[in-house]
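Chain nomenclature is as follows: A, B and C, assigned in order of appearance, with residue numbering initiated at 1 for each chain independently.
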Amino acid sequence: MSLSTQDLSVGYHGKAIVKEVSFELPKGKIIALLGPNGCGKSTLLKAMARILKPMTGQVFWNDQDLHQMPSRQLSKELALLPQTQPIPEGVKVKDLVAYGRSPYTGFWGRLNKEDNRIINDVMAQVGITELGEQLVSELSGGQRQRAWLAMTLAQDTPYLLLDEPTTYMDLSHQVELMQTLRKLNSSGKTIITVLHDINQAARYCDHLIVMKDGEIITQGEPENVLTQDMLKTVFSLNAQIHRDPIANTPMCVVE
Amino acid sequence: MSLKTWPLLLVILSLLLVANLMFGAVSISFEGILNGFQADSEHYFTVYEYRFPRTLLAMMVGAMMALAGALVQGVIRNPLASPDVLGVSHGAGLAAVTYMTLFPTSDIAWLPAMALLGGFSAAFILWWLCGNHSSAIKLAITGVALGALYASTVDFLMLVKPLEINNALLWLTGSLWGRGWNQFFILLPWLGLIPIALWLAKSLNLISLGDDSAISLGVNANTLRLTSLAVAVGLTASCVAICGPIGFLGLVAPHLTRKLVGGQHQILLPCTMLVGAILLLFADLVARTIDPPIELSAGIMTAIIGAPYFLWLLFKNK
Amino acid sequence: MDAIQGLLSPSKDVIAQHIVHDIRLPRALLAATVGACFAAAGVVMQGLTQNPLASPAVLGVNAGAALGMAAVSTITPWFGLLGISMAAMIGGGVAWTLVMILGSAWRGGSDTGRLVLAGVAISALCAAFTKALVIMEEDQASAVLSWLAGSFANGNWDTWSLFWPVALFALIGSQLLTPTLNLLQLGDDNAQNLGISLVWTKLAGSVLVLILVGSAIGASGSISFVGLLVPHMARILCGQDHRYFLPLSMLMGSALVVLADTLSRGIIFPLETPAGAILALIGAPFFIYLVKKRAS
């Protein structure tokens, strides 16, 4: 299994936002997409999740053109957590999570034992077991984000794409989420996530991809990517690189 | 909840069905109705030839219009959407009235096809005016404006061609008056759209999570949208061809049902058909019995129930 | 030429004189004044709500007035024109108040779409009740129906003499309101800063609208889209200053309705198509155009 792009350009209304990007995602890692607002990181993620069609170039899944493959088959390989989620009316949390099993169920969406086991597992994993009977519309922003994450996890895919998953969460839930991602990663999932917080990315992710103006500027391990130069050129930020006193990962402190 | 709601709805429906057979210009006892199905009974004509087909039609039309509303609300993710708010009903109505005024002698079996043509044209015009990504309110206003245009064209046609008015007028107020087995058999084949709608239930659940999530769960969002809307237009147009545009039914029934059984379409779609059937049976019963032998049209009753509900939705959706 | 002669030199044996003086003149006068009333009502409503789609028909005033009038003429059919006008005003007033509350438009800058949809729903409700009344009280049905379609076919001097003083009063009143309407365009807050009493302005404006619409509807029946259409056309011609564009709107409204009435007699002679139906056919596409334009 592998996910890669070849001269990929995507955008909206005929205007390219991601420009001729070629790269291969390292398998079995947690990968962060970083960059200033409007650099194209979410757009790139959506192209890899087959939501946006490429204007030129391709996305490859196991050397096959991703956008030519049957959607149903891919839904067992790639799961996406979008940045903003509509609030489905009259749907309970447990039902929402169960929707994540739909690639595996029949036309009527009936759940079998295995489906129910996975649903209960992922709900426990993100800590929403006790919310199961509540309506999604009644949840707080952070709870809703976790319910959606559980739905995505129920899809049980080797690759997980997340678009700013920490946005509506308070700090403790952000930390919890990043630790959950680590756990999922150690059980074999490859995780690609758009993040805003550079230090969070450096601490919890194995591989950083830094974008600016629709192009990939640099990528690699946090040790090598997070430099004073990079922060200056990409984020226009004067910052120093220090060591995180606990995890011993690099972190930036703004001057 | 849904476990209890099902039988309750069925009980209400059966009670209304019996009531519709019993009451009207002449009240018939329950035994009279049972006997009325035999050809030698004194009530045979009233029960079997008159009230029974009309009651069946009310149930079918109510169910189909409610289902159409649920499909449209499902894919447009817009609480204000429904075939009549989007102008589809009136478009279908206009096509049918035009057909009847231009070819007054023609076969009414063609009416559903003409209505379908009108309904699709109306949907297409709305899409052409609004594009793919419009806000809920803008879509609703444009739909309502188009509906008003179609309705005023119908008025105009009827004023210009007063000789054919009887035919058209009967029809356009959203009434079940005088509908019988003939209309029943015209509508019957269109019930075939219901299984298609039910088959979409699972995908409709997923599209309620947004296009992005639906796609990543393996749904082809655009195909689903087109199929659902086409089925909804078909359901609406065939009903409109039989009894004219019955307002607010497609808007209110799915909403009410969502409150009762939640948003899962596997339960929502069947239940909304029950609720739609109940609402129209009730509306027709009241319309027939409020001041017999004069009949109001069922469309008037649904508007009296539905418009306040729409206002409440509008108010709540701030 | 016969017409002018008939008007200027009345002589008992010219048939043209009878037709022009007794039938066509009051009818034309009525049409012109009704047009001016609806146009002025549209201007005032658009000014008050700062909503380009506001107009008596769209915001439910017509349907409410129709319901009021249908209720009076079916339940107590002895009221005469004045009673009908009053009923129309009350019905329209109730509908308009409901729409404004539900569309939360007493405060400026509210969501224009919501206001329109509230108006549409109220219209549908009123129309349903009106139809129910018409069907249940069949004796009065034909009168109410012809009246719903908005026609000048029954216009005569009696109608005119009851109608014109009220209409004149309201038209002058709305002209007096124009400087305030100009200030309202700056937004409620700014208008208040400039010393306008919002409550009184909106109340006075609403009452004027009701008098304009109620009396016009009482005289001719429900005429839609003049109030929506004309202010926009006038605005294109002479800009935003209400002091000039209100009178222009009145003129154009008169012209439009007289034209529609002429057409209504001419289209399928000798049958008459109600002027209201013709105006609706012209007006609805324009409404759609406005909705589309506002979005882009």
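Keep in mind that, in the parts below, contacts are C-beta pairs under 8 Å (C-beta built on N, C-alpha and C of every residue); 3 or more make two chains touch, one makes a residue touch a chain.
A quick note: this is a predicted structure, and the numbers were derived from the prediction, not measured.
Asker: Identify the chains adjacent to both chain A and chain C in the sense defined at the top.
Answerer: Neighbours common to chain A and chain C are B.
Asker: Could you let me know which interface, B-C or A-B, is made of more C-beta pairs in contact?
Answerer: By the number of C-beta pairs in contact, the winner is B-C.
Asker: So which chain ends up in the middle if you average the CA atoms?
Answerer: B
Asker: If you take the mean of the Cα atoms for each chain, which one ends up farthest from chain A?
Answerer: So the farthest one, by centre of C-alpha atoms, is C.
Asker: Distance from the CA centroid of chain A to that of chain C, rounded to the nearest Å?
Answerer: 58
Asker: If you average the Cα atoms of chain A and of chain B to get two centres, how far apart are those centres in Å?
Answerer: About 43 Å, centre to centre.
Asker: Taking the mean of the C-alpha atoms as each chain's centre, how many Å separate chain B from chain C?
Answerer: Averaging C-alpha atoms per chain gives centres 33 Å apart.
Asker: Taking the complex as given, what residues does chain C use to touch chain B?
Answerer: 53, 102-104, 111, 113-114, 116-118, 120-122, 124-125, 127-129, 131-132, 135-136, 138, 149, 267-268, 271, 273-274, 277-278, 280-281, 284-285, 287-288, 291-292, 295
Asker: Which part of chain A faces chain B closely enough to touch in the complex?
Answerer: Residues in contact with chain B: 46, 49-51, 71-76, 78-80, 82, 84-86, 88-92, 95-96, 99-100, 102-103, 105, 107-109, 148, 151, 155, 161.
Asker: In their shared complex, at which residues does chain B touch chain C?
Answerer: Answer in residue numbers: 80, 129-130, 134-135, 137-138, 140-142, 144-146, 148-149, 152-153, 155-156, 159-160, 162, 173, 247-248, 290-291, 294-297, 299-301, 303-304, 306-308, 310-311, 314-315, 318.
Asker: Would you tell me which residues of chain B are touching chain A in their complex?
Answerer: Chain B reaches chain A through residues 77, 79, 199, 201-202, 205-206, 208-213, 215-220, 258-259, 261-264, 266, 268.
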